[in-house]
């Protein structure tokens, strides 16, 4: 994700949004020739995410970047992540945008990593996934942070996987018919997921050939029952099972124990606590 | 803020980012002629923010919007905020982007509103302000949400107010010299703020004619002492005083009590809990 | 596909590319108030595709559009597809861009439709698919035309389905390992396709759990043998089989007869014969 | 044509359109450090066109490009056109977009070159020209390919040459009046072309001072008669004569023999057969 | 020129540049519901140009526009040009951008009109033309203003007419060779202009078949001599003659008298005095 | 101002606007390998402004730039400002756009510098300021030129300083109320300016706590009286005083003598005489 050249354009937009017609403070106070070096670190333990973007930002502004840690690494408080050398004006102009991106992405990656570790203790084959509840304009970076934290991106957009919800089902005679219609209209390269709320729904979706079945807002016990029944009916194999809705760090273990392949949580990206990040700048 | 026509373009980008080459699920399952109506509400009490943007999104998609509550209103759980009528496909295509914006903006406004209320109980003239720790690409909407929650935006960008920090001061002989240099280089239409960490700094900044003095990471007691001393020296009047750094919902009251004009908190925008928002869609 | 508001922006770019600083001929010769009406039709039988885009173009230019036929319909030579009323200048300014789009899209849809009909006679369950050999900047419209002609879009982009080719396999110990690595790294919402060139490859890919197996440049007879062997091994079910490479209108029937689920042809979009389209303009 | 920096932006758009949020296959299977080299060649004889664009694409993606053949050269099957060295991921990410551009542009150049050769055998001073029937969004590259094949671009846009057609003439009392009105309204830097369908039209256009006279859908014999008559009347000199409409590779020689300066064919760009192009990638 | 939909996008950019994140003054002081009406007029006599653009700006901002005068009209001081009704905030937000455009365009049109009148008195068939010395980003509107003032746009861009200057001639054996090379390389739809500095140059350019001959920085007397000599040689007919360089309102009459077809002046667009324009706003 | 990376994008747009699909003259006449060098100078004395932009333009086009003078320097006629080496085609393609920018920016800087010198002779502490009467799309560069000439930018946009005008006052009971309302609604980081037309207005604005008071269209004598009265009332200190409206190079000295802090003139940017600039190109 995040092929350099394509994200770079967005990063330029972010910088322009923050800089406007110039960093009037630095322009007033700092000589063009004044050089500085920056040391980037976290003020708490966490998982690195956003370092590539920070490096690109400072390169856009004419700095040299020495990457020490890689995105996806677990990093301790105070550990140096990157050194940046360049004009003092450039470091100051990029500082806030860079830290805003890094703080959010590392915040996401750190949380995902913690929850994935919890889940993994209970069930090694269960994945933690994000949803489409990402921040508009920042979705690609939110999803990248999820991956760096060890999570699954889930759908990128409305165009890369079918997800049949109750709103769709309300318009069709049955889950069977909905899956059939989707299969016929959609490219063979796309999976079909159905959101169900009962055992009956799960059985029907499985029989209809859904690739993924999502248990929406169902308690772990009930989910476990569904899986058992699907297994008895010989319908369980060849499908992915996802739980979603109402899942918190507190109950995620129970969901993992219920045998889910995937547990998805909107809060991973819609309610992010930024990691505490710092760029220490020293004039040289 | 947010003159319709200018934010509209950004909202279109947001929609394209999420929809990609089409909502393949709805296209497979729903007729073009199928109409639907949506009811927008919060699943918890909060302050409305983002309703204008939600309305614009659905209008872009060809729906009719009936706005019931206005941005900035305090809203109860389950209260209808807006009704949307249009093609079912349009409601489903815009739902997630709209809710993602609304959830974040209302989350910000609700938090700001709560903290502003706390502060107001202690000191009616103290403002709660955001910082530049907004989300890249979403800064204008983050700041708008702060205003709707009753807060102060602080700087929009690096170009609309001078803020002299320790990094700048490290390059100049004194605060006095820094303020003088800024005053000379920067337009008379801009204010000059100085970040200080001691009483001496505060006195020097005031004498130098700073418009705003920011106490950075100073405990409320120390700040109170600074203000008292500035008052004794006849330097307090005609300036704005801001506290920043390490301020939390727990200690914000103490800062308000210390006599600050402005208390700024990065967490208002860098670590947002999205409000729980819902669009109930019914086919018609 | 082609949510109006998102394609509209691209259509505006197309118009600007062709109009430049103005249609100097019409500006010199035609009064602003001069009205005209246009009748759109094909000069040969074909399948309509691009009518939505033509309508949008003339609406952008301030005309009223009366759509008579719908995209996807089979249309006879000379049959009226659309009537357009508006300023003569607007009709003339949009004519060429509109016809260029319509000619290409209808050309694609018509060819796809013919090949799909051929295939269908032999094997009703076989789909004809395009590839990523679309025209840069025109990919979304090329794919839409394929769908309107009754074909399958195949992948939209490199991000919506895994396709493991020989270049990838050259770097990994085995197909098994490649599929395993993809399954682990890629979201559960994406399918995994493997391109194989031999029976052994097909068996290994099936055993490894590939969702789609593509027979690359294999003669129909050999493919038939592969499928038979997979069936014997109990590996055939639950997978999609695609043939690609060297398929022409002449031999496509044989491929269909070989039992393929999908037959994909690059020529459907890389070597398009435009349909002969005409906008008859009459001054009023 | 195609000043690097301006086309580069469009090429970036093309890449983003195809790559989306990432080449998920390569990202799953290939190490960042894995290097590769590519050899670009045609699988049939042809005229090179698009090599500059291919080079730019791979440079955008961080590869080194060694250009061996130049655009405009006649190239044999299997001859190496370019060598590309860089990260395997970059070669794979750019491959399809690069080949799609190259295939189309070389397809156009090759066809133009063949027809120009045919024409040249009959009449050395006759040019083969394209029309405005180019692909929307791809017009500049289509025209560049025409030039590389030895053809004439004709108009770039509606703003660079006046072309008076029957639709315009329907609104004016006479060709004479139309040419006069155009001459008066349009800059002296623009030529004026008139499309005529009869000898009378040709004579009137010539007398009115048209710079270019286009014989629309007239058989070669009739055109020859027109030219002879214009010559007798002393009106032939100082003007360019173009034939257009219904011209095919089969009859183009007759048109050349009729004494035309320019023969224009829409099919050169509206119905392109892509050249068969290949990028052979080897891991290193 | 200036097809509405294409200039509109640029006008939106202009507005965003000026409004930024909002008109903070009006937002603080004026109710959303407050309506206003505006009367647009000149504070000096002049030629209207830019009214279409002003109308578009206010329509973008949600106002109703009643156009009273048309672009290109001669207008007296204080005469009402347009009435605008809408939200007070919208009128105030658009006022400056609208007036900046109108002031410049009307300034250009008025000056062009005056000079054209001077020229016309001396020589009815002489045109006054602008050059490519337009303001970057504003070229299309500058040229439109020239036309509205009765002038000729000259080249739009480097791509719509060949202009061979001394820098080009320095690289080629002769004018003859340069014209021949241009004729061969450039589309038959483009004119070829040669800039000459002596009688010899003029004769050679005419013999070589240049479509336009530009006398660069030559005094009117010398030009007159050149034309006479060309006439004697039978080379004068069928060509356009342009004078350029060092032409001022004071000496333009002499140039007209010298028999020029076109007199071009860079100052028409590079040194514009804005017309004094006013939008009188009244609250309603 | 003018952070390189952000202005660069605009410069690319400017170039594309002028070059279109190619500089057809140079492409026809000049070899790709032909190198040239350029010498940039003024043909009259002036203040350099726009050199950074010129350098960026030629770097975009692939030239090497040797900057000899810096923006903001006073420069004599014929003095070399910059040397440019690169492909002849690149120098010719960028020449006009570069000179158009340089001519305008240096024209502004030179005029500002002259007026600032006049003002400075009378009153060393008075600043000369521009207004928002900049050219749409060129505002940032216009303002940068003002700074390089020694002037003050005044507001960048409607969002960075409050300016209360008569139109706003018409809607509010009093200046006092308007200032109070602005103070309450607008961020503490913004200044508040009030435009007044009488002594009473000035006194009320000062008492209300306006940061800046603008005397609109008042003669210097009256302004002097206002300041004296404000001084008597103890209201003069701590505020900035600006004169605006009807100020010309002829009377600007009187305004300076009246004790103004700032004198603003719209003509500095709305009616610019371009400096006479030249790029001398020599083939090498």
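Just so it is clear, A, B, C, D, E and F label the chains in written order, and each chain counts residues from 1 on its own.
Basically, a residue touches a chain if its C-beta (ideal position, glycine included) is under 8 Å from a C-beta of that chain, and two chains touch if they have at least 3 such contacts.
As the structure is a prediction and not an experimental result, all values here were calculated from the model.
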Mutual neighbours - chains that touch chain C and chain D alike: A, E
Shortest contact path, chain A to chain F, counted in steps: 1
Interface residue overlap between copies chain A and chain B, same or different (over half shared): same
Between chain E and chain C, distance of the C-alpha-averaged centres to the nearest whole Å: 45
Separation of mean Cα positions, chain E and chain D [Å, integer]: 32
Centre-to-centre distance between chain F and chain C (centres being mean Cα positions), rounded to whole Å: 53
Contacts with two or more other chains, residues of chain E listed in rising order: 19-23, 27, 93, 140, 156, 159-160, 187, 190
Set of all touching chain pairs, with the criterion as stated earlier: A-B, A-C, A-D, A-F, B-C, B-E, B-F, C-D, C-E, D-E, D-F, E-F
Contact set on chain D toward chain E in their complex: 127, 129, 152-156, 159-161, 187-191, 193, 211-212, 238, 240, 242, 261-262
Of chain B, residues touching chain E in the complex: 1-6, 9, 140, 143, 156
Complex interface listing, chain D residues touching chain C: 10-11, 13-14, 17-30, 34, 36, 88, 92-93, 96-97, 99-101, 103-104, 107, 132-140, 156-165, 167-168, 170-172, 178, 181-182, 184-186, 190, 267, 270-274, 281, 283
Contact set on chain A toward chain F in their complex: 12, 15-16, 19-23, 27, 60-62, 93
